[in-house]
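Once you scroll down, you'll see the structures, which are given as structure tokens.
Shared between the two complexes below is chain A, which pairs with chain B and chain C, respectively.
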Partner chain A sequence: MSAIFDLVLGIVTSIGGFVEVGSISTAAQAGAEFEFELLWAIAAATVMVAMLVEMSGRLAAVGRRTVAGAIRERFGIHFQILPLCAELLLDVLLLAAEIGGAAIALTLISGVGFVWWILPVGAVVWILLWTCGFAVLEDGIGLLGLVTLAFVVAAWRLEPAPAALGAGLLPTVPDHDGVRYAFLAVSIIGATVSPYLLNFYASGTIEEKLTEKELWVNRTTAFVGMGFGSVVSMGVLVTAAMVLAPKHIHVDSYEQAALMFVPPFGRWAVGLFAAALGVGCLGAAVEIALNAGYTLAQVFGWTWGANRPRRDAARFSVAFTLILLIAVAIALLGFDPLRLTMISLALTVIILPALVLPFIVLMNDEQYLKQHTSGVAGNVFLAVLTVLSALFALVVVPLEIFGG
Partner chain B sequence: MDLVRDVLDKPVVDRHGREMGRVDGIVLERREGAPPTVVGLEIGPAVLGHRLHPLAGRVVESIEYVSGLPRRRAVRIAFADIVQIDVDIKVNAAIAETGAGIVEQGLRAWLRGLPGGR
Partner chain C sequence: MPRALALILLPALVLGGCSRQDAKLEQHAKALSSLTATTAAIGDAWLAGFVSGTYADTALERTLQLVEAERQTLGGASYLLIDPRGARLSRQAERVSRALALMVKSVRDSDAGGLRREMSEAVSAGDGSR
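Take a look at the complex of A and B:
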């Protein structure tokens, strides 16, 4: 009964925690500029992230190892140091963007400039990290994140044609702005397959003491949770396509994105959009900061864990605090959070091959995974994903310059 | 045993099951006319820094010096004190005896001054 409860909770919180600043911005831009044509990119990215998340959870449940720790052990510090630095840089930028996103949500409600909200948002994130255990951080924020289902409700109220939605699930050659289309497709993948998500999920699996016998819980949570979570991202795209595209409104800021809620929700539009954006960003900010602490502690062999008293894992606690402080300082400089998000997503795509490649070795290591190593399908998926991610990494900078 | 694959970078656990860090270096002794022998393991950020690049090692040493920590602070575990080499390296030592927890202990004392906290 407890396993079923954990499973349902895991799925629900995966849905609530799926949408954050990256997925909202890329899906809204994609819908506003290409209507339903990029729905396939969300679907493809969801399959990628669900497979990788399941593997991360399996590695943690069977081998008691997180992705960051296992990479240090199997590949050594010389292999890991550059991807590690890039991931930490990415975590800081993405964290600054999430804090900025939450601050803009408060601006939408209050009218006070978003820079004034950066410090309060940063303080709330730190207080949550300092005072709450893993279950509260993961489940509490995930449950609050169900407010992002407003995007699905909005899309449903707008009554899109099912045939057009179905057509959007198949990749097509766009009839305009091909470079921009490719840029947004790659950005959607960068927004969905976030490096922090994989190590965070593996760390959570160890925090929640999931065992080899509960691999079915891990598998179901990964595929069903991520699958339903992607419906929220698709809701953002569909709503933007139905509301913004006909009026030729491009999403250059979150304030413009909020307009998509006006036809389905009327006077509740701004409040609901702000709640969805704010909670989504706040949840992601907590996860990113926590994951930066996890990653550093696991790479260097420090004591770690959100379920431990903070003073008993002092280096871990100081690590997430410092990362948060740096991100708040960057956010205070007043960079446009949307622009910061798009730069972070390009960086995500650049480091994706270094993230995916180790999975091929780790998921076939019997010392970690015993009889649960990857089968043929898993290995073919990883090989294809490695090639694709290398290709994405090569094209993302030119695409950012010419289509971003 | 493959020292690089099976020992280097593995987590080190003390006799009470507490994390001591990771194997940041392996100390070998060269002898005339004989193969080198393993003297022990080293744990410490400066060791890791030197392994990456001498400059990185010197930067870490400088940070440790400025922070009031002993220079070239490294914890050395004698080979004879290695109890088991598996997924973790279990050693017959305690974190408090070796000085591996010096930074952790210092930060704990500092964090005690902060209110709240789980």
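Take a look at the complex of A and C:
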């Protein structure tokens, strides 16, 4: 019964935690500029992230190792140092973008400039991290994140044609702005397959003491939770396609994106959009800061855990605090959060191969996974993903320059 | 042989340069058109009572910043301004900017009539960019 409860909670919180600043901005831009044509990119990215998350959870449940910890142990610090630095840089930029996104949400309601909200948002994130255990952080924020289902309700109220939605699930050659189309497709993948998500999920598996016997919970949560979560992302795209595309409004700011809720929700539009953006960004900010602490602690062998008293995991606590402080300082510089998000997503795509490649070795290591090593399908998936991610990493900078 | 190569390459470079310039201008025209449509959407939503004055003010201010950024980009590229289409876009952006500034004032003064007037000016200024 407890396992079923955990499963349902895991799925619900996966849905609530799926959408954040990256997925909202890329899906809204894709819908506004290419209507339903990029739905396939969200579907493809969801399959990728669900499989990677399932593998991270399996590694943690069977091998009692997180992704960062296992890479450190198996490949050594010399292999890990560059990807580690890149991931921390990415975490800091993404964290600054999430804090900026939450601040913009408050600006939409209050009218006070977003830079004034950066410090209060950063303080809320730190207080949550300092005072709450893993269950409250993960489940509480995930449940609050269900407000993002407003995107699905909006899309449903706008009554899109099912045939057009179905057609969008198949990749097509766009009839205009091919480079921009390719850039958005790669950005959607970067926004969905976030490196922090993998180590965070593995760390959560250990925090929640999931064991080998509960691998089915891990598998179901990964596939069903991520699957339903992607429906929220698709809701953003469909709503933008139905409302903004006919008016030729492109999304260059979150203020513009909020307009997509006016036809389906009327007077509730801005409040609902701000709530969805704010909660989505706040949840992601907590997860990213926590993951930065997890990663540093696991790589350097420090005691870690959100469920431990902070004084018992002092270096872990200092690590997430420092990362949060740096991100707040960057956000305070007043960079446009949307622009910062798009740069972070390009960086995500660049470091993706360094993240995926070790999975091939780890997921075939019986020392960690006993009889649960990857089968043929898993290995083919990882090989294809490695090649694809290397290709994306090569093209993302030219695409950012010419289509970003 | 070098002369033949030059004869082939020169027109290709000139055509390539022209098409890049065309693409740039089209990109700016699309951006201005999108910002004008945004202006109208915000104004309509405020007039219909769907969004608060706080949001309308914030969103119009942000749109004004984006139009100004477009105008500065156009003004900073002499090769675009030499082209009559680029010069026209720059003038349109200036008109949209001014109308937007007046729309912000109308929202702050809760002046629906003034907002309608300025919105119509912004839309007619931006229409030329489509």
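Rule of thumb we're sticking to: the second predicted complex is superposed on the first by the 404 of 404 C-alpha atoms of A that agree within 3 Å, B and C clash if a C-alpha of one lies under 4 Å from a C-alpha of the other, contacts with A are read in each partner's own complex, and residues count from 1 in each chain.
By our rule, contacts are C-beta pairs under 8 Å (C-beta built on N, C-alpha and C of every residue); 3 or more make two chains touch, one makes a residue touch a chain.
Being a predicted model, the structure only gives us computed values, none of them experimental.
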item	value
Superposed partners chain B and chain C on chain A - clash or fit	fit
Partner chain(s) touched by A:Pro309 [first = chain B, second = chain C, both, neither]	first
Contacts of A:Gly69 with chain B and chain C, given as first, second, both or neither	first
Spatial angle chain C-chain A-chain B, Cα centroids [nearest 10 degrees]	130
Touched partner set for A:Ile249, first chain B, second chain C, both or neither	second
Contacts of A:Gly133 with chain B and chain C, given as first, second, both or neither	first
Which superposed partner A:Glu366 touches (first chain B, second chain C, both, neither)	neither
Superposition-derived comparison: chain B or chain C, residues of chain A touched	B
Nearest Cα pair across chain B and chain C, whole Å	36
Touching both chain B and chain C, residues of chain A	none
Chain A to chain C touching residues, read off their complex	107-111, 247-250, 252-253, 255-256, 258-259, 262, 266-267, 269-270
Residues on chain B engaged by chain A in the complex (per definition of touch)	4, 8-12, 18-22, 24, 43, 45, 48, 51-52, 87, 103-105, 107-108, 110-112, 114, 116-118
Complex contacts: residues of chain A adjacent to chain B	63-65, 69, 72-73, 76-78, 81, 127, 130-133, 300-303, 306, 309-312, 314-315, 317-318, 367-368
Partner chain A, residues of chain C touching it in the complex	30-31, 33-35, 37-38, 40-42, 45, 49-52, 54-55, 57-59, 62-63, 66, 130
